[in-house]
Amino acid sequence: MTTRKDGRTTDQLRQVTIERGWSDQAEGSALISYGKTRVLCTASFTPGVPRWLTGKGRGWVTAEYAMLPRATNERSRRESVKGRIGGRTHEISRLIGRSLRAVVDTKALGENTIMIDCDVLQADGGTRTASITGAYVALADAIEWARGKGHVGKNSTPLIDSVSAVSVGIIDGEPMLDLAYVEDVRAETDMNVVVTGRGLFVEVQGTAEGAPFDRRELDSLLDLAVAGAAELGDIQRNALAAS
Amino acid sequence: MTTRKDGRTTDQLRQVTIERGWSDQAEGSALISYGKTRVLCTASFTPGVPRWLTGKGRGWVTAEYAMLPRATNERSRRESVKGRIGGRTHEISRLIGRSLRAVVDTKALGENTIMIDCDVLQADGGTRTASITGAYVALADAIEWARGKGHVGKNSTPLIDSVSAVSVGIIDGEPMLDLAYVEDVRAETDMNVVVTGRGLFVEVQGTAEGAPFDRRELDSLLDLAVAGAAELGDIQRNALAAS
Amino acid sequence: MTTRKDGRTTDQLRQVTIERGWSDQAEGSALISYGKTRVLCTASFTPGVPRWLTGKGRGWVTAEYAMLPRATNERSRRESVKGRIGGRTHEISRLIGRSLRAVVDTKALGENTIMIDCDVLQADGGTRTASITGAYVALADAIEWARGKGHVGKNSTPLIDSVSAVSVGIIDGEPMLDLAYVEDVRAETDMNVVVTGRGLFVEVQGTAEGAPFDRRELDSLLDLAVAGAAELGDIQRNALAAS
Amino acid sequence: MTTRKDGRTTDQLRQVTIERGWSDQAEGSALISYGKTRVLCTASFTPGVPRWLTGKGRGWVTAEYAMLPRATNERSRRESVKGRIGGRTHEISRLIGRSLRAVVDTKALGENTIMIDCDVLQADGGTRTASITGAYVALADAIEWARGKGHVGKNSTPLIDSVSAVSVGIIDGEPMLDLAYVEDVRAETDMNVVVTGRGLFVEVQGTAEGAPFDRRELDSLLDLAVAGAAELGDIQRNALAAS
Amino acid sequence: MTTRKDGRTTDQLRQVTIERGWSDQAEGSALISYGKTRVLCTASFTPGVPRWLTGKGRGWVTAEYAMLPRATNERSRRESVKGRIGGRTHEISRLIGRSLRAVVDTKALGENTIMIDCDVLQADGGTRTASITGAYVALADAIEWARGKGHVGKNSTPLIDSVSAVSVGIIDGEPMLDLAYVEDVRAETDMNVVVTGRGLFVEVQGTAEGAPFDRRELDSLLDLAVAGAAELGDIQRNALAAS
Amino acid sequence: MTTRKDGRTTDQLRQVTIERGWSDQAEGSALISYGKTRVLCTASFTPGVPRWLTGKGRGWVTAEYAMLPRATNERSRRESVKGRIGGRTHEISRLIGRSLRAVVDTKALGENTIMIDCDVLQADGGTRTASITGAYVALADAIEWARGKGHVGKNSTPLIDSVSAVSVGIIDGEPMLDLAYVEDVRAETDMNVVVTGRGLFVEVQGTAEGAPFDRRELDSLLDLAVAGAAELGDIQRNALAAS
């Protein structure tokens, strides 16, 4: 089996750690690392929903993703200084929001809003997938907080499943799990897969960066991703089990 | 077999028409319809490339997508008036650009830029997939124009394949091809698939709007999409064969 | 008499066509051509008025003008991408709105809003005048639609007159009607005239692009414009008479 | 003859004063008053022209108009705070620039730029016309300054004519000259006319605010405006004659 | 004692004049000069307070500062054209607002808002300090106006003290009062001091532009500033005493 | 002596820790804590200077400050989403930049740029002072990095002193050092003081939030700040001594 630059096998995740409750301010929070990629995920709970949802008896979960200017090897200009949010930022924010909503029963959440912020403190590939995996932990804690305060009923279960995400890609013809930045830029095909704890797909986003890919390649990437997501689910569970 | 609201079978495209050369101004253009969805695609050729590409002997293809305010059933505010481009617009513009670049040999294109504009005149679902299919035709014509003017060499073949796109989705548990707007809003899972003329994948973007989906569902959606894309490829070929 | 590049006499309009009801979505719509200039005009009807008008028993008609990036011979940057609307766009939007309001009895319209969108699909001079002429047709249809739905009373006549517009200019000392782009750039004086069906002036906007003009020149331009507007009024009437 | 609220006859200007050289910083400046309307006009001279004009041997004159937030009876929000310039501001800036360029021989000006700023310190109707009349004086002084510094040749005459502007309007059926704010809001028709020292038209912008107007009304407004502009020309000449 | 370029002694203010009631529109206004620095200060009174203050029985005073583009020796771009307000503008606006609020009893003001605008017509150093000194006069007049109209009670005294401001700095090792622009750019240390009529400090903002400063230098700068502010207080009193 | 809510004496700093080299990407970095306030400071080194400095043989140091949306107790809207940077952010960014430049010999730095980013991960008062103290450590490391790479000469000493900052304030009449958030909101007077390692002042920014302050109060605040800054200087030295 191929060995990678950082010594991993092709089906091996980087070291994943979740520092739960990193923030003293947020209702839920997690500092997650996928190797050198580090993302601070916070969940802010507010009673009430945006006006367009009011009175429908359902809650709202949304997300914003951003990167510190020197998270990357070359400093990038702040989006606040540019005065506009880039397409990539928008796209990832929307992806995180959709992924989390897929495991939330908004009826059970009641008319409450949870705002997820994923701020990349350091980037080394996989920032969007680490964001989703970490955001789930922050979300779970915010919901527990809300239950403790009585905003969510004792018998309500707003979380109907867990969710995690991982990238996969084909490099030199070989499918690999959880790409680091140096791998990501070399990948011919790059796929981000969001999977629930039960092993169902929430998002499958495959892109041919170089040559288009065939059905067989697609299948092996999905296999790798499903296995990786199962491991991530265990790590989430362990983090949430600790008190 | 299920019949749909508009009488189609589940594996049937809407009526697709391509009015090539709609514009008197652009180097390539096509007014494409997928049923009531109508998109004006233009390709603008400019010698030279953006500064960051200069001197590398490669060309550049990029795209912008937008919707007229009253393309939809309810008028939406213009993004120029809001002063910022929304996340969805950004996301689709990037998708169109990537899809076209997947079939372009930028070396063979030489240091030239082709800018694709996809403006949705009327929207009834599938605007992004119609944009890609139409944009390919505009792109092909712009490259022919450039060849005629000597910007692209007689023996260069910048287009290494064709590309088209179609949406598929699961409605009431049933996989369906080329969703109209009323179908799209009801779909549990929604997937946009971009396929080359040779049947390879460029993009696979599947999203669970309602319940997450399993591997078997994913497979039948891909089957439908590949068949639909083959039909679209024929329609593109016919349009380009006409003079 | 001078013959022009496209074979017209100095007092001749270009071929004007109005494709009424082009849009399946809008309450009123018209695709108008003045030669190669093509503008899609839609009228969006909404019950209710902006807050500052509420409770005064009067309706509101306003307009937005825009141009597709490749409507012109050289592609221009999208205003949505620039993040701000240019002065020319603002100026023309305001002109269209004022021109239409001049023939609307807002009391008879009741507390309803009609939003006109004029999107230039292809530009060859006279885009603002074509917009006004086409917008009137879309407006008339939207009002009929509203009458049919009961938003406007059976006996109310919100339209107190019709309105159309045409450009005139002096080229090589000769006054000419309905300037195409190549004429427009050469004109010493350029005037846009908005005239009602009864032959009264709504707007007279004359500008010396080169040498200032005298009273006699002003008078012959106005004569030409009034005659051209009468023809345009006939074309509008025919379009609206068809069902 | 009708007497107006402020005691003027219908063909009488308000008191017009020009305080030339108000600024210690600008190359040319004038604080102009039309009654209570007060505009500070400065002309900033810079050697060189914008890139798009470079090497063509011609100069450039352009203008920006703005209003202090409390120039008016009700404070308006600053455009810098809103983050965008309104349509009206754009429109007037463009009008001032065009009006001045109509009397400038840009060849004689050489590759130099003059930027005009018209900032309304107090507004009581006619701010755009006062701006043009005052800007001409600032422009003339900036050109003299440039001649003194050798930027403009001793024998060059960049100013081929003078230019001034005045509003006229029809109130209660009566044509009137130089409308104050209370008159302006009541006018059925409102026209801004820009006239050169030789009596030729640079701009004629007539707008029906209420009922459309006929040819006879248009003619009497033009008569009034031409006479008013002649008086303004005298006031400009006197201001420039003083040292 | 050192003599300065303009003949002043080190502890001497420039000529300070206050033209009270310069504006016909604002509830309070003052055109203040510190030498060639000229700032138009207006105070706009509105009954009611911003939403976040409603129902607390307190008023609100805030300020906006701006500079005309040609107030300075080289023309600067308008912030409205740039589409964003610069850091310096923001900082000074906030300083003016805080300085005025320090002498206002917002309870006594009642639920009313006073908006101060300080627009620099000409700049020669000390624009922020002149703005504060002039704004106080405009504010005082606006409060008198409000008392006259009954918005503020006969026995309420919203102004609990007066406030003025002056700059001080160290040039060639020598502390100096009220720096003109040519002095300001040469100062090693630059301090803006806001002092009440009773001689208490509202703001002390000292900045080492060159070498850091020691406690003894800080002390002599404060001495100079307190003496200068006392003189400014007299000038304000005289201006307000006149009717 | 008064004891504070968190048990400190009035002249006691919160626990201050500096985690040097927190980032794997930046040339210099420090994660600094003042109690619960945590700021990530990075220094990005780039050869070359902005255009306006080119060829003058001097370097450039500048800074940007920002806060994560959930750094505070209530989530605030991202400035990138608002599309504009607030006044407070601008003001603090400028303060940090000036403070660092006061201890940099830009000649010795050569034509190189160092960009400091201070991102507040958690806020509990004193974010601007912690930023300055942490930024100095990141700056020192980036300069050492540049020396190692040969961008800065072996014998050049761009850092001529160290710099740190601390807040002081008067609460219930009592001067206190290093205010936590709950103290800050209650302070009558609030002062941020930036002091060099040699004990000289770089910035003194005192503001009366409630009642204005007198000379004696100012003096005791300065005494407290100078002593606190000396302690911070020791902590910086220790952090930099460690390898």
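When the chains are written out, they are named A, B, C, D, E and F in that same order, and each has its own residue count from 1.
The rule is simple: a contact is a pair of C-beta atoms (placed from the backbone, for glycine too) under 8 Å apart; a residue touches a chain by one contact, two chains touch by 3 or more.
Just so you know, these numbers come straight off a predicted model, no measurement behind them.
Visitor: Shared touching chains for chain B and chain D?
Guide: Intersection of chain B and chain D contact lists gives C.
Visitor: Let me spell it out: compute each chain's centre from its C-alpha atoms, then which one is farthest from chain C's centre?
Guide: So the chain farthest away from chain C turns out to be F.
Visitor: Which listed pair, C-D, B-C or D-E, reproduces E-F with over half its contact pairs identical?
Guide: More than half of the contact pairs of E-F reappear in C-D.
Visitor: Taking each chain's centre as the mean of its Cα atoms, which chain lies farthest from chain B?
Guide: The most distant chain relative to chain B turns out to be E.
Visitor: Do chain C and chain D, two copies of one chain sequence, contact each other through the same residue numbers, with over half in common, or through different ones?
Guide: same
Visitor: Go ahead and note the Å separation of the Cα centroids belonging to chain A and chain E.
Guide: Taking the average C-alpha coordinate of chain A and of chain E, the gap between them is 51 Å.
Visitor: In whole angstrom, what separates the CA-based centres of chain A and chain F?
Guide: 33
Visitor: Calculate how many whole Å lie between the centre of chain C and the centre of chain F, each centre taken as the average of the chain's C-alpha atoms.
Guide: 59
Visitor: Show the residues in chain B shared as contacts by 2 or more other chains, in ascending order.
Guide: 83-85
Visitor: Mind sorting the chains in ring order for me, with chain E at the start and chain F directly after?
Guide: Here the ring, read from chain E toward chain F, comes out as E, F, A, B, C, D.
Visitor: Looking at the complex, which residues from chain E come into contact with chain D?
Guide: Listed in rising order, the residues are 23-26, 29, 36, 40, 42, 44, 46, 64, 66, 68-73, 75, 78-85, 89, 115, 117, 119, 121-124.
Visitor: Give every residue of chain B touching chain A within the complex, in rising order.
Guide: On the chain B side, the touching residues are 84-88, 90-91, 93-94, 98, 102, 161, 191, 196, 198, 200-208, 211-215, 218, 222.
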